[in-house]
Amino acid sequence: MSNIAAFGEVMMRLQVPGYETLAQGSKLNYSFSGSGVNVTAALSRYGHSGYMVTTLPDTPVGDAAMSYLRKLGIDISLVSRGGKHLGMYFLENGFGVRPGRVTYTDRLGSSFNTSAETSYDLAAIASSVDVLHLCGITLAMNEEVRSQMKRLAAAVKNAGGKVVFDCNYRPALWGAPGYAGARPHYEEMLNLADTVMMNEKDAEFILGIGSGEYGRITQLKHAVPEVARRFGIQTAAGTHREINADNTHSLTGYIYQADTFAFSRKLTFSVHDRIGAGDAFASGIIHGELQGYPLQQTVDLAAAAGMLAHTVVGDTALFTETEVRRALSDHIGDVER
Amino acid sequence: MSNIAAFGEVMMRLQVPGYETLAQGSKLNYSFSGSGVNVTAALSRYGHSGYMVTTLPDTPVGDAAMSYLRKLGIDISLVSRGGKHLGMYFLENGFGVRPGRVTYTDRLGSSFNTSAETSYDLAAIASSVDVLHLCGITLAMNEEVRSQMKRLAAAVKNAGGKVVFDCNYRPALWGAPGYAGARPHYEEMLNLADTVMMNEKDAEFILGIGSGEYGRITQLKHAVPEVARRFGIQTAAGTHREINADNTHSLTGYIYQADTFAFSRKLTFSVHDRIGAGDAFASGIIHGELQGYPLQQTVDLAAAAGMLAHTVVGDTALFTETEVRRALSDHIGDVER
Amino acid sequence: MSNIAAFGEVMMRLQVPGYETLAQGSKLNYSFSGSGVNVTAALSRYGHSGYMVTTLPDTPVGDAAMSYLRKLGIDISLVSRGGKHLGMYFLENGFGVRPGRVTYTDRLGSSFNTSAETSYDLAAIASSVDVLHLCGITLAMNEEVRSQMKRLAAAVKNAGGKVVFDCNYRPALWGAPGYAGARPHYEEMLNLADTVMMNEKDAEFILGIGSGEYGRITQLKHAVPEVARRFGIQTAAGTHREINADNTHSLTGYIYQADTFAFSRKLTFSVHDRIGAGDAFASGIIHGELQGYPLQQTVDLAAAAGMLAHTVVGDTALFTETEVRRALSDHIGDVER
Amino acid sequence: MSNIAAFGEVMMRLQVPGYETLAQGSKLNYSFSGSGVNVTAALSRYGHSGYMVTTLPDTPVGDAAMSYLRKLGIDISLVSRGGKHLGMYFLENGFGVRPGRVTYTDRLGSSFNTSAETSYDLAAIASSVDVLHLCGITLAMNEEVRSQMKRLAAAVKNAGGKVVFDCNYRPALWGAPGYAGARPHYEEMLNLADTVMMNEKDAEFILGIGSGEYGRITQLKHAVPEVARRFGIQTAAGTHREINADNTHSLTGYIYQADTFAFSRKLTFSVHDRIGAGDAFASGIIHGELQGYPLQQTVDLAAAAGMLAHTVVGDTALFTETEVRRALSDHIGDVER
Amino acid sequence: MSNIAAFGEVMMRLQVPGYETLAQGSKLNYSFSGSGVNVTAALSRYGHSGYMVTTLPDTPVGDAAMSYLRKLGIDISLVSRGGKHLGMYFLENGFGVRPGRVTYTDRLGSSFNTSAETSYDLAAIASSVDVLHLCGITLAMNEEVRSQMKRLAAAVKNAGGKVVFDCNYRPALWGAPGYAGARPHYEEMLNLADTVMMNEKDAEFILGIGSGEYGRITQLKHAVPEVARRFGIQTAAGTHREINADNTHSLTGYIYQADTFAFSRKLTFSVHDRIGAGDAFASGIIHGELQGYPLQQTVDLAAAAGMLAHTVVGDTALFTETEVRRALSDHIGDVER
Amino acid sequence: MSNIAAFGEVMMRLQVPGYETLAQGSKLNYSFSGSGVNVTAALSRYGHSGYMVTTLPDTPVGDAAMSYLRKLGIDISLVSRGGKHLGMYFLENGFGVRPGRVTYTDRLGSSFNTSAETSYDLAAIASSVDVLHLCGITLAMNEEVRSQMKRLAAAVKNAGGKVVFDCNYRPALWGAPGYAGARPHYEEMLNLADTVMMNEKDAEFILGIGSGEYGRITQLKHAVPEVARRFGIQTAAGTHREINADNTHSLTGYIYQADTFAFSRKLTFSVHDRIGAGDAFASGIIHGELQGYPLQQTVDLAAAAGMLAHTVVGDTALFTETEVRRALSDHIGDVER
């Protein structure tokens, strides 16, 4: 199996239990997550070694995050300690027509986002890692973090490792300049990446590639090869999500490689916790690639993993490959005993 | 914005969490509610000042109710303290084909229902209030409370305020005499009211107006104008509820004013907590009227507020007008972040 | 072993968990108790058959009480169903110098306190019972309940059973007339009773027997024989409680029979839940008497049972005789494993 | 009403609350159940007297089980105490496409499964029981238990009582020999039974009766009379379950007696807790038989009871006959108040 | 009664329930507090009107804080909404020899600490306020907040109101410059203040007044009059705390006015939650002063309020004057019922 | 820092929260512990690498144990998966004079106790380990486990590692033969051990060394050197515990090495959770030895660690060396903020 590292922020998730709002309740459940956490934990559960490259404060809150990462099966030997704070977000569950709400605390002041590049031994990390996972959320933070991210990606690439970049464009994080401000950084990352998680919207809005005239699949088939060509990307993958009238969601995964597209079946399912599903899909793609599975098997596995991620408590989905495969077989089973 | 007062009982709601019955469980969640509480809290959230006119015991239980009303945003400066008890009800959640159950304690002995008229300074209340909300549940309590209710309504009316009356006929509260016992009191209230929450069933069963031969809408269109004419009512409004086979509910709101009916779309939605939805609808009507919105806008707003009230924990729904409007736009959105 | 019945009210205890007040909290733990419940449950745990003679409402709340009594090991075959309500009390825990608070709901409207004498088959009960337990709290309720209580005591006595009466004078329940109002009823009960739970204060305040000039033990030794003589009581027993500066309590039990007093050691201990300790002591006395233990053994057992009752959650203490004996041996042991 | 005893194991159910897995959570809800527990508790709620014939350890865990059985309304006077352990199982709830999981502890070492026959006074039990309930799970345990089971069935039969046997074949419990190992024991039990809970699959797989070529109803109509004839069974009954794409389940009950089949409507419903539904159905059949209801009424009642059992927390469903009848009437009602 | 406003930050308190650490647990209890919150809530409970002058974010977290302040009885009509974040702190309870731990999030980025002076209408606030409460924690935040604080104090003073300043020096907040950096600001505040909460340590360390040679009381008697003289302070008050070997704390309050000292008895008590006790003492002093109580009565009341604050859950102690007086009478009472 | 492995069972601890008994409650908190778990986790927190050598079932329960070990900071790469069950124990908290209770499930059938020696690669383990921790509880299990334990100890010793053996004699585990049955195995282990956790009682009862005539310290000073001499033990260490009348405990640690004894101060403290304290002491001894601290520093550290272990939730105490040192300095500090 392989060594996968993710560079990114660890956030504390503070969730109001049940369906109360923050103004109604008095209790919170807390856990620690983040795109990199979700991906490295999922890959650890598939049998790989997942490492977080991040900075956590040397406080009881940071200690709690360390324990939680270990519990998820993540190797913490590359975690740096320093700074003062941990990014946090509050989560209020929605119900039916009432949407859930996410409220962030000031993540720009977090240990990760104020950490100096010297916190990380880039050369050492690069030499011990087969795959590096990066994400557009990290790219949106600040110039210093962006610089660390790009230099780490370059170091891994030079050392013979692969770079996975998840576009994950969040408008709220880029502020007024929006796509224009983000574009040069995205282009730089795409040039560094071997595998890219994206869809036709990323292509259109971030990169200006694509056309809005046709259906989403047509657009995807037009835009993705163009992006791959322009930036020298080996593999692209992503999902289309539909939210149905009965509150179920549907997910269709795709993967593109060597001029070929493969699509998963459209999977429809009930949703317990929507957050982290994209990371579960990405983990499935990375695992399939590392195992050398055929494209169709990889995208099926990744879509099923994404689906299962909607059925678990918390951002981070931990399933064995066997469990994912069983979910794909599509029989809603009776309780097993 | 306006000053709205509600005269009515504050009850303690004791709910078994989850789906256990009282015989199975060992814990209760408690909160404080009541028709007047729900209406004045909702109107406070819309930006008005909501006052409860009620009596609470001067005990730790009464103190807890006071705190809770304040938390809901209700002004408690018109609350009288005295008597010994608070009305309570136990709530066991149903699941699917198993119905929920409500068990009342003896509310007739409550501070509110044993309070003397001298507990309230009717003149002072009347002078400070733009709208007074009253409800058929209060009307069912006892002769003393009925007398207080009618005199307060008359005082508000004389001082230039408006009276809103919600028919809310509960058979269990009127005992053996049933409609016959209730009718004279309902007629008195309708004569005092400017705005009435009702539908064709209220017209038929309480007042003997209407005909059972046709569909509900036809009956409504026949009965409501007749009631309005007979009692000099300015505005009537109400809802039709359908309970669907898949456990969703559907709600259609109507409003009638100056010989004109407006109907909301039929809204269909999943239900978390059904209690208090009628009060949320009434609050929307009162708010629309106070803001001078067109009839269609008012009934749409009220119906959406009623729908949202089914998605919250507890009897009392607190939404801003912006949140209600967003729910009306009918897109089930992904989590916002 | 014997059949012991208790005639009395079953109340619902609604306790705020931890140290929050009702105004701060949002959750309650509920259980069902009462003097008779505590005594019959404790005696069941000692190996006897304990029966409640009471009336519970035929509602989900009454069903929950029935389940709870069964769980405690009480035989419910003599429970009558009817009426509307269950007496309830709220309990807020104190901490250190902050005292706990008890708030009652209207127990006079409870099923037990509004039940007609025809609810109980006095003859059948009398014939199946060796001991009947009654308490001064029940005596304070209303004339109808008092009448039932006295007639049941007489019936048991006539059928050859023994009557235990616990004075348990609660000033708040007797209102303005106070001792004067209570005295004739207490005298009637004392005439019916074989065993009486009391101390010198009961003698002095209720019966006007005793002198305030000397220490409590002296007063006790003066008053109790006088009461026993006057009312033909076979056995008297009770406790002296001291509350120490370090929040521990001390308990000394006494028993009087055939002109002889026996006293337990003064037991000092930490307190988790003070309510129900008197009933645990009474149960120990009844059990010792039924087993024919020597006076010293009986009062030691009863005092240790009373002490242990302070260490359990809830009003009702369930200990085997072995466990009580072990507590008497006075070694605070390490955890057993 | 009648006396029904069940011979079988009482297990401790340890359920992770909500939708967390054992690896995610830190809390468990516990209760005590088992096929016999579910049946005797349900029949007690219908008004009969239900007795468990089992062995529980004389430990705090065994005491907790005793309390729980009493709370369910079961008579524990036939329970033997001894041995060391209680069988346990962990339950993790599934969500949507993610199945629930059951993990057993070593039940073969439980007090029940290591108890000697001398623990039970077969003659006394037989003489006090109208109906004895037995189940295929118990039959799978070990030779000693099987022997106790058969001798008890024979004793009840000889004393004029009826024997109900629920086939309940669980492959995991019979290990490698599978049906072949189970068959002789099932045949012995069928010879002893008056009423058998089974369907065509039991007939085919356990007994080798039936043909897979046609639909399930056809098979059922072929196999059940054949089984009844061969083993001299008076009544056979059972259910067909379908799991629908929207996560609802459908249940169709059947009963066969004197060459006649009666089928319930197919009932479709949402599922809260699937475990124990078969026992609720069996209880309905036994109750209908004891009351002498017509076949159609019995099977309708049993199917509705089975449906309701899916809507409650825990394995054991407690409904009055009135509540079951109301569920049959098929109106999803609004909250009653 | 009077109008008291406090200018200061509202913080979110996130407490691990029980005795687990953040690394062990998964749940938090949350509430909202702060020095000003504690003081204005306590004074509201004494019958005054308490106003917070602060800025809260216009987010669900800010809404929750608003609800909580209302629940505490605080008037929120002077609260400004804006900025992005709320200051937060995590609290892990200690046990015995293991100390509790407080971990702050970045409060400098909070709405309060980033709010512009234009957020507050100083003139309007000054005209409606009898007493303004300020605290050394706020003084430590940043230059902008200090400027707002001083201008608001000056405005209140000019409008005829009184200024109360609680020294509350927290070394961690002033960083490297320490006392030297703080001194000029403290001197400015002392010049503006009518009443000052302080003790001899504040005098010595912050102002350089006092001598370390003698006992604390001697130092206090030397330093406080000197501070009062130098800065023209009318009233000074404060406490001495001792932490005893048995985990109890002892508190002695003092007040100084017109060359006279009054001291409370030394109160010794068990501690449930130590945070907020100083604010409870300050509230007692302010209340006594506003009521014109004799010095001895005021300091006794304040010390008892401080003691009681250690017995409640959360930072904010809500007691009526009657409850505080009862605690002073020093009898540890049995449960009242 | 060093690599420490512990060979032993991982048990699931099922604790009734608060002070309810199993018969009263309905919820359990679960965690995973064991002597080896406690030691390797504590040493990991001191900065070493701690490995468990054990077998866990390949079930969701085993997965939960794996996650929990990782969370504690234990390296799980030497854990074998197999077998069917996990040993479990139920824990009911005592209160004051009421003792806590521990109830075990059948641990002899656990994965660890039924695992074959081939589950472990003794040579590989031995080569990677500096210290091996073993315990008398494991020694009591069965012949196969004993054999594994001894062969692993020998392998580690041959590879140049150190062996720590904690006598931990539990009478209940050795059954009827008692000391006589245990003695040969203890002697074998003592011959293999470099460091032994023991006191004079172990010497006397297990080995027959020592004399009961004198005080415990005198006995200790007589017996320990004799044991060390006879078995060639380098270091012996242990504690004397006293349970005081006020429910506090006192602990005095000793260490013996090269004919020298060092004793810690007697530490007295309140107790939250007594289980696991001996393991915390042992961890302190091992850490001090590995760091080459003077004897006095080592025993002080170990005793303070043992004391702190009584203040935490759960069996496993995680403190940094800095935290332990701070506890030694003996100032009960105010909350730090």
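The chains carry the letters A, B, C, D, E and F, assigned in the order they are written, with residues numbered from 1 in each.
Everything below uses one rule, namely that contacts are C-beta pairs under 8 Å (C-beta built on N, C-alpha and C of every residue); 3 or more make two chains touch, one makes a residue touch a chain.
Here's who's who by UniProt: A, B, C, D, E, F = 2-dehydro-3-deoxygluconokinase.
Because the structure is a prediction, the values reported are computed rather than measured.
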(request) Find out how few touching-chain steps suffice to connect chain D with chain F. (result) 1
(request) Name the pair in D-F, C-D or C-F that forms the same interface as A-E; by residue number, over half of the contact pairs must coincide. (result) D-F
(request) Tell me whether chain A and chain F, two copies of the same sequence, contact each other through the same residue numbers or different ones, using over half shared as the line for same. (result) same
(request) List the centre-to-centre spacing of chain B and chain E in whole Å, with centres computed as mean CA coordinates. (result) 42
(message) From the mean C-alpha coordinate of chain E to that of chain F, what's the distance rounded to whole Å?
(response) 46
(message) Report the inter-centroid distance (CA atoms only) between chain D and chain E in whole Å.
(response) 63
(request) Name the residues of chain D that each touch 2 or more other chains. (result) 21, 23-24, 26, 67, 101, 246
(message) Touching residues of chain A toward chain E in the complex: what are they?
(response) 14, 21-31, 59-61, 63-64, 66-67, 84-86, 88, 90, 92, 101, 103, 105-106, 109
(request) State the interface residues of chain A toward chain D in the complex, per the touch definition above. (result) 246, 269-272, 307-308, 310-314, 318, 327, 332-337
(request) Please name which positions on chain A make contact with chain B in the complex. (result) 18-21, 23-24, 89, 94-102, 104, 170, 172, 241, 243, 245-247, 274-275
(request) Mind listing the chain C positions that touch chain D in their complex? (result) 67-68, 70-73
